[in-house]
Amino acid sequence: MFKNYLILSILLFSLGLIGAVSRRNIIIIYMSIELMLNAVSIMLVSYSSFYNTNTGVVLSIMVTAIAAAEAALFMALFVTLYRKKKSLDTSLFNSLKDTNATK
Amino acid sequence: MLSNMIFIILATNLLISSFVMISTKRVIDSALSMLIALLSIAGIYATLQSSFMFITQIIIYAGAILSLVIFIIMFLNIKDKNLPHEPHKTRDMILTSLVVFPITAVLIYFIKLSDFSNLNEKTTSSIGKVGLELYQNYVLPFELISILLLISLVGSITLARKEKDV
Amino acid sequence: MILSVMIFTPFLAGVFLYLFRAKINFVKASVLLVQVFIASLAIDVYMGFEPSAILQFESNIPWIPFYGINYHIGLDGVSLSLFMMVALIMPLVSIALYDRAFVGLWINSLIVQSGIMGALLAQDLMLFYLFWETMLLPIFFMIGIYGYGKKEFFSMKFTIYTIFGSLAMLISILYLIISFKVQHGFYTFDIVSLKDTILTHQEQIFIFLGFALAFGIKIPIFPFHTWLADTYKSSPTIAIVILSALMSKLGIYAIYRILFGIFASISLELAHLVISLGLASMLYFALLAINSIDLKKIFAYSSASHLSLILVGLFIHNSTSLLGVSLFIASHALSTAAIFIMIAILYNRRESINLDSLGGIVQSAPLFSLFFAFFALSIVGIPFTSGFVSEILIILGSFEYSSIVGFVATTSILASIVFILNVIKKTLFGKKQEDFKDLQSKELLSLIPLALLILALGIFPNTFLSKVKPTVDNYSNSSKAHYAK
Amino acid sequence: MLNNIEIVLLFILAISISLVVFSTKLSLQKAYNISLITLSASFVFLLQDLGEIFSTLIQKDIFNSMLIYDSFSLLFILIFLLSSAFLLLISKEYIFDHKYFKVESLIFILFSVWGMILLSMSNDLIVAFIALEIASMSIYVLVGINKHKLKSSEAFFKYLVLGSFMGAFYLLGLTLVFIQSGTTSFIDLAKYISTHEIEQLYLVIVGGLLIMATLMFKISAFPFYAWSLDIYDGAPLPITSLMAGIFKISIFSVILRLFLSDYISLKDLYDPLIILASIFTMLAGSFLAISQDSIKRMLAASSIVHSGYLLIALSSIATIGDSASYSLVFYLIAYFLSSLGSLGVLSMINSKDDVTYESLKGFASTNPFLALMMSIFMLSLAGFPSSIGFLGKFYIFSSAIESSLTPLAILGALTAFISIYYYFKVIASMYFHKNISVLLTYSNIKSYIIIFIISFLVLYLGIGSSYFTYLPGTNDLTEFSKSIINSL
């Protein structure tokens, strides 16, 4: 039973991974990363519940808090990027690559 | 038996909604399916009898973070024409899945392989116990997290603040 | 102590002159002063040098004791000839080229002198490597800033080429000391102690090749010579003299000191290979020299050809040839330094060093012609010059080793006589062109001592050879023992 | 009673938070002075702990052994404080000349240093991660501080997205380690690993791998190196210096602690991967560095190569306290000095565009002092003898040979050879042309003095010896590196 929870969270993590790598919409990328963190949380909470300790829950609170901290920066990122480019397309932000290519 | 059924339903729901989340074109659809996914996770916490995480999940993730995302989406007033042009989305996703698959398989294989002995019966973890654990053993991370949140707060204000052109 | 003074005085003087941004006249005077001071110290050391095989004027201070690295310097018969040459040639070159008005050139020549001296006297591999690499920097700057033509490119090419060899050597050094550490339990970089390292045959060959690559590039021997002509062509004269007269000999010296010192048996085992390579490159460079029409290139190749002869003499490894090598290092350094100074004088007056556009100098400048012919011929070794004695010694040694080697060596020396005569004919004789100013007293001041030294070493070689002989016998005995085994 | 380090931690934190509170009321000048004084005072204050080898757990009962303060972390803390103080001093004019530097930027520099200090002291996986995030997040913000430059915003975007993406891997790894061993503390983890058979370690191994992946990303090792060039390039120069020099070292401090004290018994499993990573890191870095035009990008790419050298040392470690482990520490010191110096010189050039090889031409004739300093740093980075960089490489290669990884040492020498090309090209550009440089420099005497001090250290620690000058030299530094490793 415990393993099922673990496998579920691994699957969820992989889904998040696929989304974060393959999509070009910055908000969807952000949400995929959140999904990955949630998968980790599931793992921790199930450990806590099956082993009857509270450490897992505490760690999972940490993960949630870290996710929240990242969220704040991501919001700032959305705003700055949308202001500059009027789009959420990550592939538009490639002037750094260009300087390399034109050389 | 019943709890198994509930777990299976929640897990299926979770995986499907996450899949929808990573594959839809429009951001708002994605955000709403994310909401469903987060609520299913909350449900999974409930099956694990972790009341505290159940509440946290709903309040912080579904209540705060996701509404912030939806707020941002509406605030920026993203039109369809402003969405990224992703002609090869399906192809990209399939290719990525092919790359990710071995990683997943290896992780699952190792989980299958490892031996989790001395499992206890699932017990309800009360908020009080969680609090004790947090303040007895994990004070330092807890305090550091507060500083981390402060930094990200100041940082996002610094970055998002609109300034006069110099 | 006296040796440390000789190593570091030029360096400190150079740094001092750079930091205080001295005026050119002051710089020139002080550079000359320092070099004369070093030369007088060197003569003092030479007088006090005991004719025996042991290390003299030694000083040994721990430097990085954690890794067994010591500041260990000393002088013995192997380094004596080059040691004298470094100390004596540098001031003479400075006198001859006293009209060069670039501060950087003078300062760099001081620093490079320190580097060569240090590499020459180092008895610790780490110290040797340090000096071996640092003497590259001044040359890099000299060519890149004060050179001719595509100087930036050739300066980079030369540096990168040599550093490639040095890094191969570094890996060899590290492998060697680690093997020693594993066997004996402590680190040491001392050349004498490292002899006791036990290595498999294969390891020995690889380490040997690593060292040989570094030294082969510096000399240069056959496949590693591609930097040679371009670098010489684009270098200022001081750099050429240092490169050809001193630094290339340092490669020979390093083979003598390090390869023969540490890898005696494997050197003798590979001797056939090196000798045939040396003979081949002798002929090859001689042919290249015959085909060139640029004086700098001709003498670059001819000096490479003679260095290959020295290499052959070295690996023949009997007492006669090793004596010849010791003398040849000195005599060739003197001759090439002199000839490149002559070429610089020639270039100053004619603005060309192309064989086809030269000629007819002998009518207007007899003194110049006399010296030019003398130095050119001293390179190939006419009687009464030091080159004669040393070539005879090497050839005798090579006949002792194998008649074929002796025959080929003799042939290529004859070939070089042919093209040197051709050079003399085309440069000095022929139809008279515009007037050519004869040598001035200042130039004579540096050329006459060089000529006298060449003659002195040629007529009384024994005063020098007797000091070297014990060391040489020591080395050749070890090889005899090896062959007997 | 409070330890010295606790006082310092609280002091920096208090100053940072009060700067946050008063950020609107303070002028940049005042904030600059305050942060500079904070950093240097902490440095001087901590110097009194230098000396004997020690190892104490901070507030053992309250913090549950999650923070450890030993000679090892002290060295790193001193490096962070010193180099960030130097950084502020060198780039003073740069900070005041560029309008986007505000009081907030200094706050984030303080916070990131604070995070790095914690990182080097952390004795628990979750504390290490939070400390890492504190340092990283401050740096994310600093990278994007120039809102008017698109490059800067993009660098911020890339760094944030990739950083949090890789952070998720660390958390997964942490969780896997935790659900198998039931602990996140380094001490208990080491105990668990050494007392259990391989069948009970699968998840610990995989988790360790995922954690390593994140750390590799932060030091821009293969296969996670591609981001660093763009991000280093997009960030303002002092921030590039902070990332490439100081932050990287802090990551290595946690790698060393994690690897040496916990995962050392599983080393054979990880070794092939680290070796592979180091090979490709060196090759990829060299390849990138050759093809750059801008000096800043070249230095960024070459910092990847240096990570590769450090990985060679990491893979050569067999036991704690063998030559590889202290050669790594020595190289870190060598690297931080040289990279701080070279990027510092670059940040003293007042130029709107990137400094390229072309624009450096003739720099030596217009500004001989800076050119000389730059040459010294280039020589040290290239590993030219008589500089500290050479000794660092020398130690690393010899330790690789000692662990019979000779091919790796040869490859290292080969990439060092390639690096000669791009480092010497800088020297060649500066010296081999006459009077055509148009570059202006900031003339702040303090910056010059600091640059001079760094270059003196680069040379003195490369050849100096207490046997000649009666000052602690190379040998003492080597012995010091060895002793601090033993305090782990």
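Every chain is named by a letter (A, B, C and D) in the order it is written, and numbering of its residues begins at 1.
Definition applied: a contact is a pair of C-beta atoms (placed from the backbone, for glycine too) under 8 Å apart; a residue touches a chain by one contact, two chains touch by 3 or more.
This one's a predicted model, so the numbers in the text were calculated from it and none came from an experiment.
Note on connectivity: the fewest chain-to-chain touch steps from subunit A to subunit D number 1. Our note on geometry: subunit C versus subunit D, Cα centroid distance of 44 Å, whole angstroms.
Here the CA centre of subunit B is 73 Å from the CA centre of subunit C.
Separating the CA-averaged centres of subunit B and subunit D is a span of 32 Å.
In whole angstrom, the spacing between the mean C-alpha positions of subunit A and subunit C is 66. Residue positions 107, 111, 116, 137-138, 141, 145, 148, 151-152, 155, 159 of subunit B are each in touch with at least two other chains. Multi-chain contact residues of subunit A, defined as those touching 2 or more other chains: 6, 13, 16, 30, 51, 53, 55, 59, 62, 66, 69-70, 73, 77, 80, 90. A complete list of chain pairs in contact reads A-B, A-D, B-D, C-D.
Of all residues in subunit C, only 61-67, 71, 129-130, 133-134, 137, 140-141, 144-145, 151-152, 155-156, 159-160, 163-164, 167-168, 170-171, 174-175, 177-178, 181-182 touch subunit D in the complex they form.
Residues of subunit D touching subunit A in their complex: 126, 129-130, 133, 137, 140-141, 144, 147, 150-151, 153-158, 160-161, 164-165, 167-168, 171-172, 174-176, 178-179, 182, 184, 229-230, 233-234, 291, 293, 297.
Across the complex, subunit A meets subunit B through its residues 1-8, 10-19, 21-25, 27-28, 30-32, 34-35, 38, 41-42, 45-46, 48-55, 57-62, 64-73, 75-80, 82-83, 86-92. Only residues 13, 17, 20, 62-64, 66-67, 99-100, 102, 104, 107-108, 111, 118, 124, 126-127, 130-131, 133-134, 137-138, 140-141, 144-145, 147-148, 156, 176, 179-180, 199-200, 202-203, 206 of subunit D touch subunit B when the two sit together in their complex.
Chain contact summary for the complex, subunit B toward subunit A: residues 4, 7, 11, 14-15, 18-19, 21-23, 27, 30-31, 34, 37-38, 41, 44-45, 48-50, 52-53, 56-57, 60-61, 64-65, 68-69, 72-73, 76, 78, 82-86, 89, 92-93, 95-97, 99-101, 103-104, 107-108, 111-112, 116, 118-123, 125, 129-130, 132-134, 137-138, 141-142, 145, 148-149, 151-153, 155-157, 159-160, 162.
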